[in-house]
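Below you'll find the structures, each written out as structure tokens.
Look for chain A in each of the two complexes below; its partner is chain B in the first and chain C in the second.
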Partner chain A sequence: MKKKNIFKSPFFKYLVQRLGQFLLVVFVGITVTFIVPRLSPTNPVEQKINQMMVSGANIHPEALESFRSAMTEMYGLEGTVWDQYRAFWGRFLRGDLGPSLSSYPVPVIDLIKKALPWTIGLMLTTTLISWFIGNLLGGLAGYFPEKRWVKWAELGATCIRPIPYYITAFILLIIFCFIIPVFPTSGAYARGVIEGFNLKFIGSVLYHTFLPALSLILVGLGGWLLGMRSLVSNIVADDFVLYAEAGGIDQNTIMKKYVIRNALLPQITGLGMSLGAVFSGALITEIVFGIPGLGQLTYRAVISFDYSLIMGVSIFSIMGVSVSVLIVDLLYPLFDPRIRLG
Partner chain B sequence: MKSIFVDMLKNSRPFRFGVSAALFLTIMIILSFFSPYPPNESFLVMDDAPPSFQHLFGTNSRGQDLFWQMTFALRNSFLFGVITAVISRVISLVVGLYSGYKQGVMDRVLMAINDSFVIMPVLPILILLNFLLKEKMNWFIMAAVLSLFGWAFDARLIRSKAMSLRFQLFTDTAVFSGFGTRKIIFREHFPYVLPIVFSTTINNMLWAIGMEVTLAILGLTNVNDPTIGVTIFWANQHQALISGVWWWIAIPVIVTVYVFTGLYMLSISINKYIDPRTRLQRKGRN
Partner chain C sequence: MSQNVLSVEQLNAVYRTELYGIKREVKVINDISLTLKRDEVFGIAGESGSGKTTLIKLLSGTHRAPLTVLGGKVSYDFEDRDACTDVLNCSRADLDSIRWKNLSYVMQGSMNVLNPVRKIHKSFIDFAYRHMDIPDKDDFREAVVTYLAKLRLPAEILNSYPHELSGGMRQRVIIALATICNPDVIVADEPTTALDVVVQRETLNLIREIQGQQKNTVLLITHDMAVHANIADRIGIMYAGRLVEEGKTRDIFYNPSHPYTQHLIGSLPRIGDSSHKEGLKGNPPNLASPPTGCPFHPRCPRAKKECSERNPAMEMIGDEHRVACYYHGAK
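Moving on, here comes the complex of A and B:
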């Protein structure tokens, strides 16, 4: 028997394709962040420095000098465009995003690292919860379209789906913090509670992040539910399901092994994409509820004209999205044997 | 056409709701041209007055009548959404139809670019752009940038339709009658993908308006031209909720929910009508 050549297997081809896509996205993303500041008709570095001076921001002169040299090297206009481009990549690959301007000399990367756990914690839990519940309900709704609760769930989902996430955040804020004040208006934990791995801190965090989490879950839920319902209702009408029904396979098996497994595939890709949206997913939510994550970091950066911080967050979030999409792509063959076996 | 409209009004509750929201939007946009107050000026009326007959939506801490402010906001936000949707529809149509019809190397290159744009997060790039060009940024440029990111997903949908059209008899007939690529794409295939274009337009518009709100809340757009986002921005700046001017936040929130949900319902109810599969499905499974 001839040994199978691994380099010709469909799985290998899939892998190469996905990796290529990943590299392309990173390349395009970094190139765009390189080009954007150069579209500005004036030197962005000097422009920002002027703006800061005018606004009367309190900046250490030493910070300013260091900022200027770092920024000119990184985004500035020294040397040919090609040289600049290479230097830009060099910085990026070393993970050196320069010092933050508003809290000099702390490197941008450190600020991001500090904010990241909050954002990831909030987004990861809410995305997974809404994905799980939404697909469960959506699957049931697609399989039993005549049930009474299904119609109500569908109506609710359709109403809530088009509403932007921050509007939901505002609604919850108005209702539960001002009309019926049961939840705190802002902050990720109560004042005076010391950060650390103890029950008091965790409890405080959970209490403070309940509303923002709820607003994100509600918004996500509608989309997953409607998506799954329409996927399932299409698959249910497929011939192989009809055949299985005619063959007398019991309903639970059909639903689990025939319908849900097939319908879940696009939803898994979708999960990867929304996990990638860690940065943009909760930007306003974090600002509205005062959670010290990436969103608030961005907000602070915008207010204090912290150019390097904004740049850092942008690059970081492009990387975040592409890496998480890549991870989901690499896990995909586990769920879809067609890619594994060809 | 008229009878279809009447039928849908009679039978479809989401459609009725959608039409009411569209009507509300149209009336507000028309009213904006008759506003007694200029949109960019503040301290024209008594500030912080709650909603009353004189000031339907109340007034804000900047001394502006919120009702008339909302007419301008809706007009600007709606226009912004329409421009974005139109530009990005054009891109996704050209790429999707061409890529689906031509196949081969061009298709693969275009789809690789397309997939990159699907994944790429637009918000950080927009924040960067607005941060740098704030003074020179107008919303036409912003709409153009948004459309550069908003076409990709829908181009995929159009491509998959175009791919199936390619193998139909009428395409062969057209080829043998000596039609060029452009003619086949736009004369023969274009009408078939129109439903997709239509159904994605409203979603794209809502997405664009939502993006504008996000940037405005960050204070990155021109905060003198009223839009839905700018209204919320000023309310946040003046800490409207804490100082008890709740209607300043509540009004844009309620209006947004109504218009967004309404337009979305409109799009899905029209979709249900256009897409015969959903009609068949309902009949088959009842």
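Moving on, here comes the complex of A and C:
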């Protein structure tokens, strides 16, 4: 076989094109997160000074002036917007998102690093579990629409799906923490357990995060199930499936290789999008169940005007969505040969 | 073993739908009786909505709700097994055992009948491996390659996906797929309709060639009379869910007897003939509320009172020539 020049292959071209798009999206996204807080009418430095004044501190005007310039420098607000923008990129590329304003001087990146494992652990597992179970049940439901369990599963999914998430979360909380108190009401692990890689800690985390995970799975599952069911019930009537049936191919092969295999394609794209959303955190879940993840961090940042933290979290979610969409796009040709050459 | 491979007796079928409690029945197959001999090409012609595809679905046992059989029998007599009577009522397992080994099907719309995410080779395994009696997969692949070569298809297509092939190639793959197991009966629904005339000719020659070698029975459906003239040994003409005339291709083209067939043949352009072609007045009947009597009588120039009251039965008027009309015969 003749050795192919990798740089001339269509895949390489596709890769370069796709990477270019990715960089552009990230650049535009981050630029927007840089601009938006600066359009806000409140000046964080004045805000801080006002807070201090209100709390009754008596400061000499000269000290106030030096304090103001120190704060301005710290917040990265010196010079023109253009200077700030350049300085911002310089710091960003070194992995420095600046100090948090509300928990000064802890760097934003450290706060995110601490919160991220909670969010990723919770969201990643629940997204994957609900995707898997939802598609499995939805696939079977679409393929065997007359089965009795299918009707019940559909009824369940259509009932749970439109309930707003916070209601589902609170109902679970009330049932399993107050009426039948089997699960803890709040927190990610029991008080007094030392964080670390030991059985006691892991057990405690699993026990504490079971309810929030269950609530996320319940809500996610219905959507995947209904989506997959309607995809399958369309594909079942497609020519190639009817043809396979006329060919006497065994039902198992038809279901797996002809129907489900084709129906999964849009669901794989959907999974990529949901995995991207993992990085924005589950705001309501984390607040209702007291999980110290990204969602809670964002909430805290917003109520305390912590601009650098808001920017840090936004940048993370922009990166998260872009990276997972990029990965799905690059892997998609493996699932759908029609996409293969870009 | 009789001379006939398929006999259809008084087949009646409807599309039955129920929406918000309102039941509707559309009678698409009306009392069709028909026999197919071994080693022949039988063509079925008729306009859109005359029930051609529905008939094929019934004959191949691929009908699904809302298509409902009211009565009749479709029985095959295959060489290597006891007579398989009544495909309309046999189990799925029985049907699956004759499918592709004895009875294969070329579906309408060949562009979409192959699984878009499966390589052609896999499709051959899915459809033909069970019946070929070649347990080793490499040997099986060899056999497929040899067969494809006979159909002038390169071996490389086995590693392709359907979208990578041209329309003509895809059609040839479908025909290869349908004939590789050497079935007794091949049912082909509009196998040439979506193709341009050059590819159409190639495809027809291919079907003709394979049929000549394998001596199978081909049931070919198309509305294109030119295709029938080229390939069919006998032709059946359908109108409004009924078989109105059946005969040898020569008889149908040169000696049509039913007024509908006469109009159909009369409408064909002939080289050197510049006379004005007379169109049929009116529209094909609505099968949800068909006219009484003969379904053709509202458009028939020869219709008499009797035609609107009773439906004429098929009657033998010559050698293998049947027609359903009270006033049949030359113009």
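Annotations
Simple rule for what comes next: the second predicted complex is superposed on the first by the 265 of 342 C-alpha atoms of A that agree within 3 Å, B and C clash if a C-alpha of one lies under 4 Å from a C-alpha of the other, contacts with A are read in each partner's own complex, and residues count from 1 in each chain.
Keep in mind that, in the parts below, a contact is a pair of C-beta atoms (placed from the backbone, for glycine too) under 8 Å apart; a residue touches a chain by one contact, two chains touch by 3 or more.
Just so you know, these numbers come straight off a predicted model, no measurement behind them.
With chain A as the common reference, the superposed partners chain B and chain C fit together side by side.
In the overlay built on the shared chain, the residue A:Pro337 is in contact with chain C alone; chain B does not reach it. Of the two partner chains, neither chain B nor chain C is touched by A:Phe11.
Of the two partner chains placed by the overlay, only chain B lies in contact with A:Ser233; chain C stays clear of it.
In the overlay built on the shared chain, the residue A:Gly29 is in contact with chain B alone; chain C does not reach it. Taking chain B and chain C in turn and counting the residues of chain A each one touches, the greater count comes from B.
Of the two partner chains, chain B is the only one that A:Val321 touches; chain C does not reach it. Look at A:Phe132: by the touch rule set out above, it reaches neither chain B nor chain C.
Of the two partner chains placed by the overlay, only chain C lies in contact with A:Ala244; chain B stays clear of it.
For the pair chain B and chain C, the least inter-chain C-alpha distance in the overlaid model is 5 Å. The residues of chain A shared by its contacts with chain B and with chain C come to none at all.
Listing the residues of chain A that touch chain B in their complex gives 20-21, 24-25, 28-29, 32-33, 36-37, 39-41, 44, 47, 145-146, 158-159, 161-164, 166-167, 170-171, 173-174, 177-178, 185, 233-234, 236-237, 273, 276-277, 279-280, 283-284, 287, 298-299, 302-303, 307, 310-311, 313-314, 317-318, 321-322, 325. Considering their complex, residues 14, 112-113, 115-116, 118-125, 127-129, 131-133, 136, 206, 210, 213-214, 217-220, 232, 241-242, 246, 249-250, 253, 256-257, 260-261, 263-265, 268, 277, 281, 284-286 of chain B touch chain A. Those residues of chain A that touch chain C in the shared complex are 238-240, 242-250, 253, 257-258, 261-262, 265, 335-338. Interface residues of chain C facing chain A in the complex, by the touch rule stated above, are 60, 62, 95-100, 104-105, 107, 109, 112-118, 122, 126-127, 130, 161, 163.
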